[in-house]
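What follows is a set of structures to go through.
Presented sequentially are two complexes of subunit A, the first with subunit B as partner and the second with subunit C.
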Partner chain A sequence: MSFPWANQYKPSNAFTSWLDEKLPLPRFVYNAIGGGYPVPRNLNYAWNFGVLAGFCLVLQIVTGVTLAMHYAANAGVAFDSVEHIMRDVNWGWLMRYGHANGASAFFVVVYIHIFRGFFYSSYKAPREMIWLLGVVIFLLMMATAFMGYVLPWGQMSFWGAKVITGLFSAIPLVGEPLQQWLLGGFAPDDAALNRFYALHFLLPFVIAGVIILHIWALHIPGSSNPTGIEIKTESDTVPFHPYYTAKDGFGLGIFLLIYCAVLFFFPNALGHPDNYIPANPLSTPAHIVPEWYFWPFYAILRAFTADFLFIPAKLMGVLAMFSAILVWFFLPWLDTSPVRSGHFRPLFRKFYWLLVIDVLVLGYCGGSPAETKYVLISQIGATYYFLHFLVILPIVSSIEKPQPLPFSITDHVLGTDAKTVAA
Partner chain B sequence: MVRIFGPLVGLFFAAALLWSFGVGVVQQIREPDPSTAVKDFHRDPKEDVAFSFDGPFGKFDNRQLQRGFQVYKEVCSNCHSLKQIAFRNLADLGYNEAEVKAVAKQWGTKAKTFDAKTGEAGERANLPSDHIPAVYYAGTGNPPDLSLITKARHGGAHYVYSLLTGYTTQPAKLLKRYPDSATPDGLYYNPYFSNLNIAMPAPLTTDGQVTYSDGTKATVDQMARDVAAFLTWTAEPKLEKRKQTGWAVLGFLAAATALAYLSKRTIWANLH
Partner chain C sequence: MADGAIIDGADSTDAGVRRRDFIHIAALSLGGVGGLAALVPLIAQMSASDDVLAESSTEIDISAIAAGQAIKTIWRKQPVFVRNLTPAEVAAAQSVDATKLRDPQSLADRTKPGKANWLITMGVCTHLGCVPLGAGQGEVKGEFGGYFCPCHGSIYDTAARIRKGPAPKNLEVPPYVFSSDTVVKIG
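Right, the complex of A and B next:
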């Protein structure tokens, strides 16, 4: 949708006029991320992270394609080819550290983007489709990241691949054949490494495709904003360019400063030392842990230690781990409060911050060795996680009395908010 | 529908989790996790040793790296490979071309050759372009390749230093508390090793075990430091370039971000 007051694209010279008739690409860009897209004037810096996520995808594709030119997906040489990149390829160390830390940066940005969505209920009508596509993107990112981590063929690559594909063996009847089919063998080897490489190269472009749908769906209702109330008049909005291009530019600068500080001074801080040991099928690492961005879900997987109602604990863990993300698909219908923004929902806000702490605790436990104390904490953390989305949110949204909403975005921004309306 | 089935699914998972939790607590009360010798006696690497390459401005000390290389060559290389390193890489340590050639030529293990025409295997002296030949070890244990060892262990250079200087006799307290955990024959007690008992005998035992040409006194402590520094270089030869590039990049980004902030302020000024 475009608001009636949106700026219209005007070709500035003969060439752009000609192009506008044949292929209106400049017009398309102008309407998508230029002066022709009116955006609420009150977006805070939490709204920077969509652009940053897009930047991370581009960063990963550029560094990744460069790495692909020097990497060899063969179990015999994969590990050494990564070291060849680190040592002999000009600026290869920069590409590889940039890519490995780029994956972490991508997940940091996307987690903030998702939790922004949780706080401001960005998933509510009329923006459900944006949210659903976003969850699809997140699932694709997880698959891509998992397969990418296998490629260096270190100890964690190998054993991570073994554990994660082993999850499928928990499925009754077809589990084991399914795992063998996925791996192309009884354990991860050349067949698995090659298919993971092919898919790791393909999926980012699938992600790019879904991102286009995500942004397309965004442009129909337009961006939400921190008050959660809809745009009423022209004064509620500013054109995306130059206002938000400038704001996003500053945000990008801050992001790059942090990312580069990690990349150049602590490039291995987020990785596991064991992945600098070549894969060895005969030697199991003391603690098999995935990359940090999977820790909360890994904690949920490991939290199921006892069979329940004749369902094996392992199967319960697998079901729960996948459900922990699939539950996000149902958020628009679980949270029925008419008010979007957490700023005006006092009860919701408390549970929101409890969820943030809960996920951090789960993450900490997921990265720790599988000792009893961490498992017990994970069990409480995972219990809250499921109760939060599936039980607490529906109840809170029906019993909560929201605070009064401002009359309009303009009133809220300019502080002329004398007249407020009840929700 | 979602509002009916959602809570049911949520309660189902919660019940399963609390069931697991209850079973876990009962087990823990009946039979608490036993403490182990590793849990009680394993030590984290000593962090109080300073290396020249520590910190964001850190640099390698070439003389130290050369000494460390000497320790590797005369001691470690009897059992441990260093396959990611080619002789030509030694130029980074400050050796000139002739010295690199000489090191390659005089290396104990020769390069393997294979004549594709006659099918005959043979040997020749190493060239600067050759990687350091693999070491095959038939004794107890599997000496790991050392190229990446400082990146493959928590604590890095500090771990290597601590391990090399950490050999000791098994504490009487340990034997008293865990009589079954006595170090087996052929293994050696070292609290910095992951399971306390390492197959490698203490490699650096006496001061003056190697003779440094730069006059540095070759104490065990000094040799351990030097070889730990050398193995940091083998694992991360681009460390200096990375840190130097990092400062240039951060400087540029800081300036660009400041400009971005000012332009953002200018553009938004008329709205407030």
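Right, the complex of A and C next:
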């Protein structure tokens, strides 16, 4: 957004002046994440997680490219090459644990980023496109994470690949040929492992591309803020640099403390012991679960145990699982309340926290064995999940009486305009 | 020249058709066809390669499988269960009204004539492809005495038909023939 009061880039010496004429890259950076980007002055730490997600992507690309220098994508040696990285390669253990836990950290950060969006309705006009691109990034992340988890070729890798590609076999008529085409065979083997490796390497760069679009779309209306009201005057904003580079830097420090604590003291806490057993096509682990970040969606998949109308249970589960994310694409039009921030929406706020609890319960069930009680809870949880987005949200938007909004961001931060002037 | 309108100068619009329009459409069409043709190998390369397809038949000696026992073998890199049903298991499978099942098939539909005790099925759950339990010694067979899939709780009976849980179909019966009384050729 070109706010009229935004700082202008001024080349500081002859070289940057010359560069500014030929390739204005410093100007671009200055206007995107430097002093030239005015940002609401009241952003809280919930606004820290976009930068953290960007950091995680860089972390994953750096550790991932390093691992790729030592990994061999062949069903006969893949498992051993991962052990080779762990035991023989200099600092290989750090790269692998850093990458595996980096994936978990990435999802923690992105889930908080998404739920920040839910609470503050960051998806509402004029920011719909940022939200839609964000959902695309999340889908790409899920595909990348899934294919990465297959690469060590342990038991969970193999059976995860089998179950997830099995989802596609639920599609009528073309399902089975489609699954065989995806795998390049009748079961996961060399062909599947190699293509997953190729795509696992490619997709992070596609994600980086969509992130550029995501930020581009963000800069058109500018960042939202905890009050949800738009910027009115210069006093509502501060330049991104140094104010938010400093704040984000502090947040990054906290993030790194937690990340390193997990990485160095509990590197396997989020993994599955079964994945240290080499892949065996003849024996399914007693309890197949995906990584924790897929658990809520896995619970929804497993919640469908009976045929529904003319749709077989299996296809129903698959449709529901994908719909659980696709419904986010419609969020900007399902929530019709003109007020953005949950702070001023008393009824919405209660249902927001119910949704958080619901997703946590679904996550717990998704990580549990397929026993009757967990399936029953998943069924209730999945029903509520869809009710929230498709029924509760539109109704709450239309019946809720929001609390009065402050006049401006400055007003909200400092009290009245009178005080602002005095300050 | 017969078709003067097209051969005329580039900007001629005598007949409503310019020479340049024709060139644009022809070039883009041919380019599009070429682009689509290039997709064929790009998509087809992902299908099963010839060496994968070549491993498509396997022979098993079943003489050592006593009644009530089962073995797991491999066909097309996927597990196959070969089970010698006891008379009680055969009776249990035959006593069910097959027309009422989710995937209606009788035991006779799923075995060879005169070999009703030899139940040969893929060991691949029709839900999402896990290997069900029940073929190995001491494994849980589920409440219908056949197979039980631990992943999502599908339960199969003694004819390996789906009876409970999310799987839509019975365990698949692969194509096979009895080469002799003790040898089965799958595929």
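Heads up, the rule we're going with is that the second predicted complex is superposed on the first by the 416 of 423 C-alpha atoms of A that agree within 3 Å, B and C clash if a C-alpha of one lies under 4 Å from a C-alpha of the other, contacts with A are read in each partner's own complex, and residues count from 1 in each chain.
We take it that a residue touches a chain if its C-beta (ideal position, glycine included) is under 8 Å from a C-beta of that chain, and two chains touch if they have at least 3 such contacts.
The structure displayed is predicted, hence computed values, not measured ones.
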Request  = Could you say whether A:A370 touches subunit B, subunit C, both of them, or neither, answering first, second, both or neither?
outcome  = second
Ask   = Given the touch rule stated above, what does A:G166 touch, subunit B (first), subunit C (second), both, or neither?
value = second
Query = After lining up the shared chain so the two structures overlap, which partner does A:L282 touch, if you call subunit B first and subunit C second: first, second, both or neither?
reply = second
Greater residue coverage of subunit A in the superposed arrangement, subunit B or subunit C = B
Ask   = Touch check for A:P11: first (subunit B), second (subunit C), both, or neither?
value = neither
Task = Would you sort A:P24 into first (subunit B), second (subunit C), both or neither based on which partner it touches?
result = neither
Inquiry  = Quick one: is A:R195 in contact with subunit B, with subunit C, with both, or with neither? Answer first, second, both or neither.
reply    = second
Inquiry  = After the superposition on A, what does A:A187 contact: first (subunit B), second (subunit C), both or neither?
reply    = second
Inquiry  = Just checking: does A:A313 make contact with subunit B only, subunit C only, both, or neither of them? Give me first, second, both or neither.
reply    = both
Which of subunit B and subunit C A:G253 touches, first, second, both or neither = first
Query = Residue overlap on subunit A between the subunit B contact set and the subunit C contact set?
reply = 286, 304-305, 313, 371, 375
Inquiry  = Under the definition above, what is the set of subunit A residues touching subunit C in their complex?
reply    = 159, 162-163, 165-167, 169-170, 180-187, 189, 191, 195, 281-284, 286-288, 302, 304-305, 307, 312-315, 317, 369-371, 375
Message = Touching residues of subunit C toward subunit A in the complex: what are they?
response = 43, 46-49, 52, 72, 74, 76-79, 102, 123, 126-132, 149-153, 165-168
Query = For subunit A, which residues are in contact with subunit B within the complex?
reply = 41, 80, 83, 86-87, 93-94, 97, 238, 242-243, 246-247, 249-250, 252-254, 256-257, 260-261, 263-265, 267-268, 273-274, 276-277, 286, 303-306, 308-309, 311, 313, 316, 320, 323, 327, 330, 333-334, 336, 371-372, 375-376, 379-380, 382-383, 386-387, 389-391, 394
Subunit B to subunit A touching residues, read off their complex = 2-3, 6-7, 9-11, 13-21, 23-25, 28, 33, 56, 84, 89, 144, 147-148, 151-154, 194, 235, 237-238, 242-243, 245-247, 249-250, 253-254, 256-257, 260-261, 263-264, 267-268, 271
